[in-house]
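Look at the two complexes coming up: chain A is in both, with chain B in one and chain C in the other.
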Partner chain A sequence: MSNITEAGLATGYARAASRQPALVTGTDLLVIGAFVLVVLTMPWWLVLIAGYEALATKIVIWAIFALGFDILLGFTGYLSFGHAAFFGSAAYITGLSLKHLTSDIVPAMAISFAGLFVIALVIGVLTLRRSGIYFSILTLAFAEMAHALILSSTLQAWTGGDNGLTGLPTPTLLGSPMRGLTVFYFASAFLVAGFIAALVIRRSPFGLMLRAIKENPMRLEYTGVNVFAYKMSAFVISAMYAGIAGSLTVIYEPYVATEYIYWSTSGEVVIMSVIGGVGTLIGPILGAGFMLYFENVIQGFIGEQWKLVLGLIFVFMVIFLPGGFVDLARQIWRSLGHRIRARRYNVPDMAPEADEDRLRRRLDREEAEAR
Partner chain B sequence: MKLTDKHLTRRGLLKAGAATSLVLAAPLHFVRGAWAQEKAIGTFPAGTSGSSVKYGFIVPQTGAYADEGADELRAYQLAVKHLNGGGGMLETMKPLSLKGNGVLGKKVEYVTGDTQTNPDAARQAAQRAIERDKVIMFSGGSSSAVAVAQQYLAQDKGVIFMDALTHSNDTTGKDRRRYGFRHFFNAYQSGIALGPILAERYGKDRRAFHLTADYTWGHTQYESIRDATEKQGWTTVNNIMTPLGAPDFSQYLTAAINSDADVLILNHYGKDMVNSLTQAVQFGMRDMQKNGRNIEVVVPLYSELMAKGAGDNIAGVLGTANFNEKLDDPGSAAFIKAFTDEYGFPPSQAAQTAYVQTLLYSNAVEQAGTFYPPEVIKALEGAEIEGIGPGKALYRAEDHQCFHDILVVEGKAPSDRQNQYDLLKIVKQVPREEVTYPADIPAFGGKDAQLGAYEPSA
Partner chain C sequence: MTAMKTPILEVRGVSKSFGGLRALNDVNLTVQEGSIHAIIGPNGAGKSTLLNVLIGLIEADEGTITYAGERIRGLSPHTIIQKGIARVFQTPQIFPGLTLVENVAIAALAKRDGQFGLRILESLRPGHPVMAEAEEHLVDVGLAGHLRSEAQHLSRGDKRRLELALCLAARPRLLLLDEPTAGMSRHDTNSTIELLKHLSRKGMTKIVIEHDMHVVFSLSERITVLAQGTVIAEGAPQEVRGNPRVQEAYLGGAHT
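So, the complex of A and B:
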């Protein structure tokens, strides 16, 4: 029974997608405004809580990475364990361009963007044929291959092997050096743009299709939708977010570590998404901020046992709060006596308070009528 | 001519004023510490304006080299104690400008960070120390990849980095940096020191089989030892690159046994060396004969912690070290005594280099009379110091490698040990002159290797 309802849900989403809702609502503008305010003032308020300016830049960069990851995992339900391949490749391409072509970041970012597009297409075509754990393993395998390639003795002359790519010039933008706050605001612009883009994607018929894939790809396939094309688009978009983050990391500090392309980087972004709240957009961003803050500031207070404490936090989060920080916020809000409106984006023909149950009921009714 | 005829115009007044101030200011150019020379670089002067200064000690607290990191941190804490209150090598170091009352009268404090034995994490920790805590110098590391990454960060930020444990040629070779200094010896020097002893012990016509950790340090050590032994007439049969952190070396060891090599050289460090040596002994290689001679095992870079891990298997195995707790020159003795009094056991070579580096930097600051990085760098470059180990040490200006006597050591058999820390014996103290090489040889980046600017760009 539940299978039928879920299949119905998928169809319902697909049907709703054919009608155009507003992509950005008034509430969204409020959310975006608050988001911009919080992000842009970060170098100031982060210092108040024992942080520092460079950490703010790092958080912004990883927020972009986690945000893009959420488009694949949160929307489409594909858990990639190989996003380091995109983050790292972009970092290496950017680094090599800065070192050998010009210290200007515009060509560096353009080349890395184009290069990454091709890499994402190739890996996507090869991995998206499978789903679930098989997809995760395939992406992990590709990332590990990329890592081995970077460290291989054939490429070592270019990539610097285990030392990472060193000796890069200070990156410049139209002649002015990219340092300190300049990099922060440059990266923040990408984060804000990326956040708005993700909101729009979530609202769009395209975003609805992605969610439908998460619910029931097979049913969607039967309705004549080219599921592979949608999965591929989500995968590439997600990879491009990772790529931008990778490029920005090199601009933020002109150095490429081999870790950028190592599985630990893939794992870190998964953890960020999970502890923040998968599929919420803001959750992975919070997760990125928390992880980096913990790793760089709280670590100093705890000392050598910091990884143990971090591990315990993960365990508690996964057991008691699988929905992450966003879920925690919702629970607190609810316990204060407020109601949380279950929001169903992209479903314009329903009242705002409509929830999943109502959609299910309606679909059941329609199905009964059809019979 | 009436006085009123001399029009005192506004423009004239400005001109005269500018000229006057220029004349008045001119002598300042010749005064050290004047405004025109000491511009803000890195954490200077922000980090030195108070009554204390901070050093950043970024060591591996987690990961494969956490043991080395813990020992480094002990040494740093001891160094800070001595800087603020006297004692230790402050009693033996010459020339000495430190007074045991801090550095330039400012109390020394420190912050720590975790490199996680990972260059990226190390750089993040260093950035925190620089940006938030405004450290005037940072030190640490236990991996050449980390050291190289930190040196580039140091150059970029304009904050001096004093390398701790890093043995790769690249650190003061192709990746040498103006803001990075290395006191520890390197793989090339291991080759120079070890080559003649190996030929003397085992003969001039040996055939060597190398197993090498597959990363930068392993590569440079393999090349250095290969060249040094071939110079003695040895033949290199083969070299197998083994993945870092491999748990099982049996397939590589089988290849070595099946070859006609009669010496096994393990270019491994830490746990890799413990595992590969232990397995070689389990395979019975120490009791085998090839070409009518006993198979010998050599570990070019030895450490106390590795010797401890490998236990009885180290008996008779030769290698090199930067320091040993049995050294009896005044500097080493003072340090070993202070360390043992403080912690109850003797220091490792990681601890020794960490301690000496902190003192060398602080002494250079006192000599320069300022924390201004370019002046401190100049004070360190070419400095010749006594009383920080056997003989005189020289910080070469061309590549920032510190030259001093290094040791060829041999693992002790269990029956020869006097206590649980008595694992290695000194075979030869190789004098500094013998392990000195030109700064521009190909193994160290050739003529292309440059230190970079005294003042970081922009």
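So, the complex of A and C:
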């Protein structure tokens, strides 16, 4: 620490007037451009690999869900097992609006958005007081309650109970019915906007606070930051992504299945995130694509044992590639001889430091015994 | 230091028990603005607990805590910290998976934006004023060489420096340091002392818990001695050094 000088300290804070960097760089534009290209051409290239057009729409919808899930899990480290509550509620609210109020998708989605905001706030306030496994269990409990509510005899007249919500009109957008590629492009617009928003959030002061929650919430609180308010914001943002995905599902298929609000839906988004790479944003999107492709295309090739194979893949990934597809890509990239920017901190004198710690602990212990 | 300064912190009759253990027993403490105030005492005396009570990490059973003329007992920790207090913990508390610059930037942002801000349309890339400020604080504590490596790879002594840089970035009026030089070499300890003295000349008040008597006597203007949760002595370094109760309870013969 010999370089502490009066001069060094005196110049401190003087540079605070420097200009802020641009929000989006050239590299970002390349990444976003490539993303848009791959997404918008999906209905065609998916057919080349034995897929079908409508599957592209489904993948885009679940990609939005998984992307939003990553804003909560990947940034703050909070693992929700109840995101089906948001996906499902939004689907039901959108479906009910279409059925009883308007067949236009814009007001139906707006109503669903507002309703979901309130639902997310309430569930957030009740679950975010706890962290770790307790938070996960609480979110699961609330989602199960929501599921039970949907099926309850009181609400059955509205929700259709076990049968799900049926008899919905084909939603319209500015007067024309939404079908086929229109639905795909409508959903893709949300995915692209959601992806850009997530990239911007990640590098913003807000995003840094979210990542700090995952690293050390106690340090954050004792740095003067209202940790709860940030957690709450991440939770609501994540729920809104899930809600958009839920609404879009109703356009994709004018019907709401009870399974949308069931725990299996929560579980699926968790698996997508883990398989793709938690905290990488692009990973969960890839995970969603992989899962749906597997369920809808590969299934046809391997027959009824497909769930077993999928389970094995999941186990394999978690054991050997906990960083998911994104980590796999990084490792391949590295093995091809490319260098990945080293982030290791070189500590040549680690050993004496450790000795010092050990000595200190021994002295502390002796002192304690002497008392 | 003249006696007529206004106190920035006044602790009156604070007690705290953990089950049957009385960790703090009717503690009084007055800290003058701009001074360096040391708290010493044997292990388990209640020094860290006293700091915990000050920042709301632990709620006191009784007593009042007045900071800058305002009662702060019972407020949430981030509210207390936002009033201008920063704390270096006994076990370094940092953000292990974030880079050094990001670690320090968090504190600078907490100072700039307060306890919460939905700041999304801003990009924290190199060159951002907050990042530049964070880098300067890292230079001040001697960590200029590793700005963009992850904090978890630092040695224990360097984690301590990082935490100090983080606290300085909050530009506190009152800085609480819990054994800031523990685990540092003699050379690093000396430069830390220099840094702390320098900051005091700029008007920052400090409460330092220290085991190293060399640090205590070269740094502090007043010393409070705690033993088993009770203040057994208080005064200028020379008075405390000569106090027989202190010699008996803590200093022994070795340090005099």
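In the analysis below, the second predicted complex is superposed on the first by the 318 of 371 C-alpha atoms of A that agree within 3 Å, B and C clash if a C-alpha of one lies under 4 Å from a C-alpha of the other, contacts with A are read in each partner's own complex, and residues count from 1 in each chain.
The definition used in the following text is that contacts are C-beta pairs under 8 Å (C-beta built on N, C-alpha and C of every residue); 3 or more make two chains touch, one makes a residue touch a chain.
Fair warning: this is a prediction, and the values are worked out from it, not measured in the lab.
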Partner chain in contact with A:Asp162 - chain B first, chain C second, else both or neither: first
Touch count on chain A, higher of chain B and chain C: C
Partner chain(s) touched by A:Met218 [first = chain B, second = chain C, both, neither]: second
Which superposed partner A:Phe206 touches (first chain B, second chain C, both, neither): second
First (chain B), second (chain C), both or neither touched by A:Lys58: first
Partner chain(s) touched by A:Ser233 [first = chain B, second = chain C, both, neither]: second
Partner chain(s) touched by A:Asp104 [first = chain B, second = chain C, both, neither]: neither
Chain A positions touched by chain B in one structure and by chain C in the second: none
Sites on chain B touched by chain A in the complex: 61-62, 66, 70, 111-114, 118-121, 123-125, 127-128, 131-132, 144-145, 148-149, 152-153, 156, 170, 175, 214-217, 219, 241, 244, 457-458
Residue numbers on chain A that touch chain B, as the complex places them: 47, 50-55, 58, 151, 153, 161-164, 166-167, 170, 177, 179, 253-255, 257-260, 295-297, 299-300, 303-304, 306-307
Contacting residues of chain C [partner chain A, same complex]: 42-44, 55, 57, 76-78, 81-82, 86-87, 89, 93-99, 102, 105-107, 109-111, 113-130, 132-133, 136-137, 139-142, 144, 146, 148-150, 153-157, 161, 166, 170, 182-183, 185, 187-188, 191-192, 194-195, 198
Contact set on chain A toward chain C in their complex: 1-4, 6, 8-9, 11-13, 15-25, 200-201, 203-209, 211-212, 214-216, 218-227, 229-230, 233, 343-345, 347, 349-350, 353, 356-357, 360, 364, 367-368, 371
